[in-house]
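In order of appearance the chains are A, B, C and D, and numbering begins at 1 in each one.
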Amino acid sequence: MRQQLFEFVLQLADTSLVLGHRLSEWCGHGPVLEQDLAMANIALDLLGETRSLYQYAAVLEGQGRTEDDLAYLRPATAYRNPLLVEQPNGDFAHTVVRQFLFDNYHYHLLLALKDSPDAPLAGIAEKSVKEAAYHLKWSSEWLIRLGDGTAESRQRLDKALATLWRYAAELTTPTATEAALQDLGLVPDYGALAPAMQAHAAHVLAEATVPTPQFAPFAQRGGKGGQHSEHLGYLLAELQYMQRAYPGLTW
Amino acid sequence: MRQQLFEFVLQLADTSLVLGHRLSEWCGHGPVLEQDLAMANIALDLLGETRSLYQYAAVLEGQGRTEDDLAYLRPATAYRNPLLVEQPNGDFAHTVVRQFLFDNYHYHLLLALKDSPDAPLAGIAEKSVKEAAYHLKWSSEWLIRLGDGTAESRQRLDKALATLWRYAAELTTPTATEAALQDLGLVPDYGALAPAMQAHAAHVLAEATVPTPQFAPFAQRGGKGGQHSEHLGYLLAELQYMQRAYPGLTW
Amino acid sequence: METLEKDLSRDDQFQARIDADVRIEPKDWMPDAYRKTLIRQISQHAHSEIVGMLPEGNWITRAPSLKRKAILLAKVQDEAGHGLYLYSAAETLGASRDQMLADLHSGKAKYSSIFNYPTLSWADMGCVGWLVDGAAILNQVPLCRTSYGPYARAMVRVCKEESFHQRQGFEIMQTLCAGAPVQKEMAQEALNRWWWPTLMMFGPKDSESPNTEQSMKWRIKRFTNDELRQKFVDMMVPQAEFLGLTVPDEKAQWNEARQAYDFGEVDWNEFWSVVKGNGLCNHDRLQARVQAHEEGAWVLEAALAHAAKRAAREAVAA
Amino acid sequence: METLEKDLSRDDQFQARIDADVRIEPKDWMPDAYRKTLIRQISQHAHSEIVGMLPEGNWITRAPSLKRKAILLAKVQDEAGHGLYLYSAAETLGASRDQMLADLHSGKAKYSSIFNYPTLSWADMGCVGWLVDGAAILNQVPLCRTSYGPYARAMVRVCKEESFHQRQGFEIMQTLCAGAPVQKEMAQEALNRWWWPTLMMFGPKDSESPNTEQSMKWRIKRFTNDELRQKFVDMMVPQAEFLGLTVPDEKAQWNEARQAYDFGEVDWNEFWSVVKGNGLCNHDRLQARVQAHEEGAWVLEAALAHAAKRAAREAVAA
């Protein structure tokens, strides 16, 4: 059980780290200063959550590894983030759609996780759920603006939805580890999260005047099992460069 | 003298490695299959030259370092390539202009270097100059096609020239090391290369119907002294990742 | 009625040439179905070479030594070359490269599904060479004797280079397996990912492969999918053992009675799902090709415009 | 004649308020030259914050620990915030953000030349915090008492955060200097590159700085360039010594008679060359800003279009 919880916490940590990394790539290059700030802010929240999760994972593992060991010294095939979050930024519409799909899952997951009988995990969720609520508000509002904005923004949004929707299902498709933890009641039943997630998505898409995308037969998964897209390797080469180049030092 | 020759050979090796890396980024993404092949071919030639140069540099240094140690285990600030070759690929016009500026220098340098009294260096130059002649032919022909092609190709070429011409002067501006080796007659006087280089550039630009760009006051230099643009760090993070992540292994 | 008999007789004559192992050449008469089948197969093969540049191209900039980088770059360059002469072979049948590319980009034409799997570690460069090229060679060696001349001659060259590539891939695996524990783990992890997809490279089971019979009759194909798959397993299981690796299939055991390896059932759901576009990389691969083509269009236009200008100038000068 | 006298008297009154250290507020009358000088200075300052995000943003994805990554990201975010409230301060003088950005993108408006130097190693994050923010604070602390109210209040907040950033930068340097030899070398190498450019941050020599007198009279400026540069050297040379580093200037020696550090001559050719656009990163920095602006234009348009649609719907509903 401890091993499974370790794996699950690691999966969450990898997910926040990778998405935070992607958002931080926008820093200094955002479409307007206010949104540059907003994305840096979300990246910072995710990074904070990442650190708490890795620290807890390190405790669960009990092998003396640190948060930095876990983040910087594992190869791509050991990373457990779902495919969605490693997808490149693309244009702002891609970033917004990726964020919306993640936030809708992340917020509802944390909302349930904060009642987990595992106190440390519940504590992290309790702290992060407030931030996640703000993230979901931000990405929902932007999805609406882009959908119900100009012809160009709508076209870009449609393309982003067509590209990214296929990665949504993996978020709530339990791995064997997640299923085992769900049976133990440590992790919420994803099926139980679905109505609230679907209701929110339906509301936002309706406001955005966008029909719900249908990509069921093309749902992509693999990342949570270590089967990633080729994008992750480049991301990690950059993220891990310093720790790889100068092993064992203090910064 | 041996130390200076080591530095010079290292500078040439870094230069070929970095430009070859840039060209190889096109592999599988070239504008047409034939040019994909041509760029891979040039990249391969440059990589071959790189290896000969690093191997010779390692001998000159006499510290037991290998070609891979020299390529994979030095930070950006220790790299000695001129700024031109680390500039990103941009569109095909940028790649062609970067290549033309480099080839025009590289070919004429090797042509003179093959008469260097330093036998190993002369040997490397002798082998590479034939390849460099082909490279210069390729980039010259493409510069002409783009300049005297369509309105769009001309516009893209002009933009590439405006962006990259400022990096040309560094190639033939001797560093203290180069000047010392020139005094010793081991390295050709760059001033003596200038007429042939200028004549070739003038001929190609005329065929391309492009006026010679004038950017003298904005000539950029620094790379040969270790002052790079921020592009090099990312390139090296990728290039060096495996050796950094798994130090000391055989592949 | 006369025409029909004449056609029948042409068909018979054609088949007689095939049966006598006489090569069909571009100018020879051939049945439409033969031509279409060949165009589909050769262009698909050409597309596979071009798309196949991407998973290996993905590691050129990150190769762990300069020597490996040079070998890998040369290999990917060879694949571009294979693509070029396969497109040329298809052109001898009346297909145009533009149309073949348009079919690739629209999703109408296929390429080998194996390239819809990602390359995630350096060991994948070993597995792609050793297993993927190994399977390709088994598929392709019989094609050196295929009935259509230009295709057969192209395949002779392709197979020669492929077997060189395959040895390089095996050598990468050998080096990893003789290296540090972390390298051997990397090799095993890659084998785990690539084993089943390479078994799929031989196509559906014979019972699900309706075209096999006609293709064999035309000597475009000389072995069935299942025959080749068995041959592959029989070849690779001992090689994996030699490397000290384990193929991820508990059923892969020597069968003394059959004098062959038994092996488990391929996940055909996954096979069809990837064929239909749902592999991890289908979208990215096609996107990369389409993008290269669209973003490169102006280059080709410029080259054509310049050639036309030059020709006009030379005409005036003459 | 009467108007002129009235204006003169307004000018006198204005100067009298300045001399009495009374804050000028947006609705107060002010001379055109004062307004223009302030708009130029504040917008330049805002641009510097925004362009200044780039050299540090360059290391966010490569920060060597999660903690340092979080600190750096927060710092760059603060800079975006500074940019925002400095643009607001300039807007109180009648400048529009659109116009200020257009001037930045066309090259008409300047930003601090220090950001035209590249960040090449992690130690640069230390030097930028320690030296660049250190120099900025010396330039900016007097601005907390500057005569124009909104600017002065913005600077109070900016300076508070900057001094926090400066301490973080120094801490990076301390960690490097207390670390492995390779880390200390990295710190020294970065100091060698940043030392002289930071001395240039105080602007040209007083004898070459014609605007200083008027700016001091208006209390937009309170110390001369050379005074601040001396103050900086006097502060930083001992800090470098404390770190065990050597500033790259043999002339940097304590002068007992002056009770100050002597130091060498700044390379003013380099200074003017970078100001004129010839720094290593001028082109890339401006390009990055222009590109973000151009590629982001559709986002702003969409937001405005949506707001208009929503307002129209609400008007109908009301």
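Miscellaneous remarks
Keep in mind that, in the parts below, a contact is a pair of C-beta atoms (placed from the backbone, for glycine too) under 8 Å apart; a residue touches a chain by one contact, two chains touch by 3 or more.
Each chain and its UniProt protein: A, B = Phenylacetate-CoA oxygenase subunit PaaI; C, D = 1,2-phenylacetyl-CoA epoxidase subunit A.
Note that this is a predicted model, so its numbers are computed, not measured.
The chains that touch both subunit B and subunit C are A.
Set side by side, A-D and B-D show the greater C-beta contact count at A-D.
Centres computed as Cα averages put subunit C at a distance of 58 Å from subunit D.
Look at where the CA atoms of subunit A average out and do the same for subunit B: the two points lie 41 Å apart. Averaged C-alpha coordinates give centres for subunit B and subunit D that are 37 Å from one another. Residue numbers of subunit B whose C-beta contacts span two or more other chains: 75, 237-238, 241. Multi-chain contact residues of subunit D (touching two or more other chains) are listed as 62. Taken chain by chain, the contacts fit none of the simple shapes, being neither an open path, a ring, a star, nor a full set of pairwise contacts. Chains touching one another form the pairs A-B, A-C, A-D, B-C, B-D.
Looking at the complex, you find that subunit C touches subunit B at residues 50, 53-54, 57, 60-70, 73-74, 76-77, 80-81, 83-84, 87, 122, 172, 175-176, 179-180, 182-183, 288, 291-292, 295-303, 305-306, 309-310. Of all residues in subunit C, only 55, 58, 62, 118-121, 186, 189, 193, 276-278, 280-281, 283-284 touch subunit A in the complex they form.
Contacts from subunit A toward subunit D in the complex involve residues 17, 21, 24-25, 27-37, 40-41, 43-44, 47-48, 50-51, 54, 67-68, 71-72, 91-92, 144-146, 148-150, 152-153, 156, 238-239, 241-243, 246, 249-251.
Those residues of subunit B that touch subunit A in the shared complex are 75, 234, 237-238, 240-241, 244-245, 247.
Per the touch definition, subunit B reaches subunit D in the complex via residues 75-77, 83, 163, 166, 217-220, 222, 227-230, 232-233, 237.
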